[in-house]
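Scrolling down, you'll hit the structures one after another.
Two complexes are shown next, each including chain A; its partner changes from chain B in the first to chain C in the second.
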Partner chain A sequence: MIWIVAFVVFIMLAAAIAVLLLDNMVAAVVATSVVSLALTIIFALLRAPDVAMTEAAIGAGLSSLILAIGLKRLGYWKISDAKGEKND
Partner chain B sequence: MTTLTIIALGFIAVAALFTLYRLLFGPSNADRIISADALSLITAVFLLFLALIFDSVLYLDIALVYSILSFVGIIALARVIETKTNNSKNLGED
Partner chain C sequence: MTKFASLLFIAGLAFFLMVVTGLLPLGNSPMLIGNAILDSAKEQVGAANVVTSVVLAYRGLDTLGELSILFAAASAVGLLLTKSSFNKPSKNPTNTEESDSGFVAINGIDLIFPLLLVVGMYIISHGHLTPGGGFQGGVVLAIAFAMRSIVRPRGKSIDHGVVTFIEAFAGLSFIVIGLVALYTQGHFLQPMLDQGHFGSLWSAGTIPLLYLAVGLKVGAELAGLILALNTDEVNI
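Moving on, here comes the complex of A and B:
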């Protein structure tokens, strides 16, 4: 069981570092949703199903949507084409 | 945990690692969004295995809620991406 927790924590840490290091705002929002996904698994592994369900409801659906709409409205949403190259 | 459960968890871990690679180093935004979608599906399957391991029914509800809401979130992100790419129309410049 300890290896499962270590693997989930590794995924969460990699996604959190990606949030800090990526300069693409779309990728940062997607990585934030992956952090909340790993947090849901950790809450479920700690035998707290109600907290995990609340985190799934908030983190998966609502958080990424609000972040995307807010960043788009603020104008920080960087435009990139299909190859990932940013055209300013 | 039986041996079959441990093997299945290993397969889930390998799938999550490959998906995580595409999330971190994916060249385009669509790659990252699709990898997040696949990772949420892998998470739902893992929560089902958790219900099997803990022998409890409560974790099935978490898997259900997570599947529905991650679908809604991914669809919303895809719509935001789609309406953005018509031209270099940026709200900060207006």
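Moving on, here comes the complex of A and C:
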């Protein structure tokens, strides 16, 4: 149990650091969603299924959707990693 | 520098959480109200999911506060976005940059849309029996409608008037149920009606009605919010 939680926490921290270090904005949004999914697993392991469902629906689904819409409105929605094209 | 500061902040937060976790007496809970609710929730409320009986019966007023916070946030987003569309010169419905998504995205969303609706309604209607409830199911419903309008930006989206009517009706019915309970039972949002057979779908009195109102309100509000964000000053 403790090793599963440690592994999930490791994934969560790695995804959270990846959000800061990734150059591609779309990949950063996906990494944010990975943080919430790992947190969902921890909530489910701690026997809080209600909180886990809320985290999966709002943290992984809705907030990623709103961040993606924000990227689209600001013009940063680029799937291919073209550095220097938009960074002026 | 910003990245370094952020990493330093994350490290500090992790250390803080580690210290707090080390100090907590895990396993033996000191809470008294929680144990009292666990003992008496089955007879007093009749919902198989104790979390639901706390959210809607013991702490129903807090749920009303959460609904009003959501309402304030959605109103603020709508206010800001419609204000920005006032100083646009004219509406251009033929936006060339906004085109429909590809074949796979459109047909995949069309395939998954009824399944998402069924899952959302199941989570809402079984909120008093299984984990989940109005908030989670409402978010699933909102995501279903929002994804459908995102893959077709120029297609016909759901009417804002209908969304506003559903939202207002659901919020009003939540408050009316609470006031009827205040009049007949003496406490705001006290569980009413027959509790039914414990654990069946038609049980726990007014709890499923309240959760249906919460789910419809949350779903309509978030769907309207995402649609307002996604319309991109075309037809707000």
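The criterion applied here is as follows: the second predicted complex is superposed on the first by the 78 of 88 C-alpha atoms of A that agree within 3 Å, B and C clash if a C-alpha of one lies under 4 Å from a C-alpha of the other, contacts with A are read in each partner's own complex, and residues count from 1 in each chain.
The definition used in the following text is that a contact is a pair of C-beta atoms (placed from the backbone, for glycine too) under 8 Å apart; a residue touches a chain by one contact, two chains touch by 3 or more.
Since this is a predicted model, take the numbers as computed values, not measurements.
Chain B versus chain C on the shared chain A, clash or fit?
fit
Just chain B (first), just chain C (second), both, or neither: which does A:L65 touch?
Both partners.
Does chain B (first) or chain C (second) touch A:A27, or do both, or does neither?
first
Have a look at where A:I11 lands relative to chain B and chain C in the superposition and call it first, second, both or neither.
A:I11 sits against chain B, while chain C stays out of touch.
Applying the touch criterion given at the start, work out whether A:T40 contacts chain B, chain C, both or neither, answering first, second, both or neither.
In the superposition, A:T40 touches chain B alone.
Touch check for A:R73: first (chain B), second (chain C), both, or neither?
After superposition on chain A, A:R73 lies in contact with both partners, chain B and chain C.
Determine, for the superposed model, which of the two partners chain B and chain C contacts more residues of chain A.
Of chain B and chain C, more residues of chain A lie in contact with B.
Just to be sure I read the superposition right, which of the two partners does A:P49 touch: chain B = first, chain C = second, or both, or neither?
A:P49 sits against chain B and chain C alike.
Now for A:A57: first (chain B), second (chain C), both, or neither, which partner does it touch?
both
Please give the nearest C-alpha separation between chain B and chain C in the three-chain superposition, to the whole Å.
Value for chain B versus chain C, nearest C-alpha atoms: 5 Å.
Jot down the residues of chain A that show up as touching in both complexes, chain B in one and chain C in the other.
49, 52-53, 57, 61-62, 65, 69, 73
Going by the contact rule set out above, which residues of chain A touch chain B in the complex?
4, 7, 11, 14-15, 18, 24, 26-27, 29-31, 33-34, 37, 40-41, 44-45, 47, 49, 52-53, 56-57, 60-65, 68-69, 72-77, 79-84, 87
With touch defined as at the start, can you tell me which chain B residues reach chain A in the complex?
9, 13, 16, 20, 23-24, 26-30, 32-33, 35-36, 39-40, 43, 46-47, 50, 54, 56, 58-59, 61-62, 65-66, 69-70, 72-73, 76-77, 80-81, 84-85, 88, 90-93
Could you pull out which chain C residues touch chain A in their complex?
Residues 3, 6-7, 10, 14, 49, 51, 123, 131-133, 135-136, 139-140, 142-143, 146-147, 150, 222, 226, 229-230, 232 of chain C touch chain A in their complex.
Any idea which chain A residues touch chain C in the complex?
My answer: residues 13, 16-17, 20-21, 49-50, 52-54, 57-58, 61-62, 65-66, 69-70, 73.
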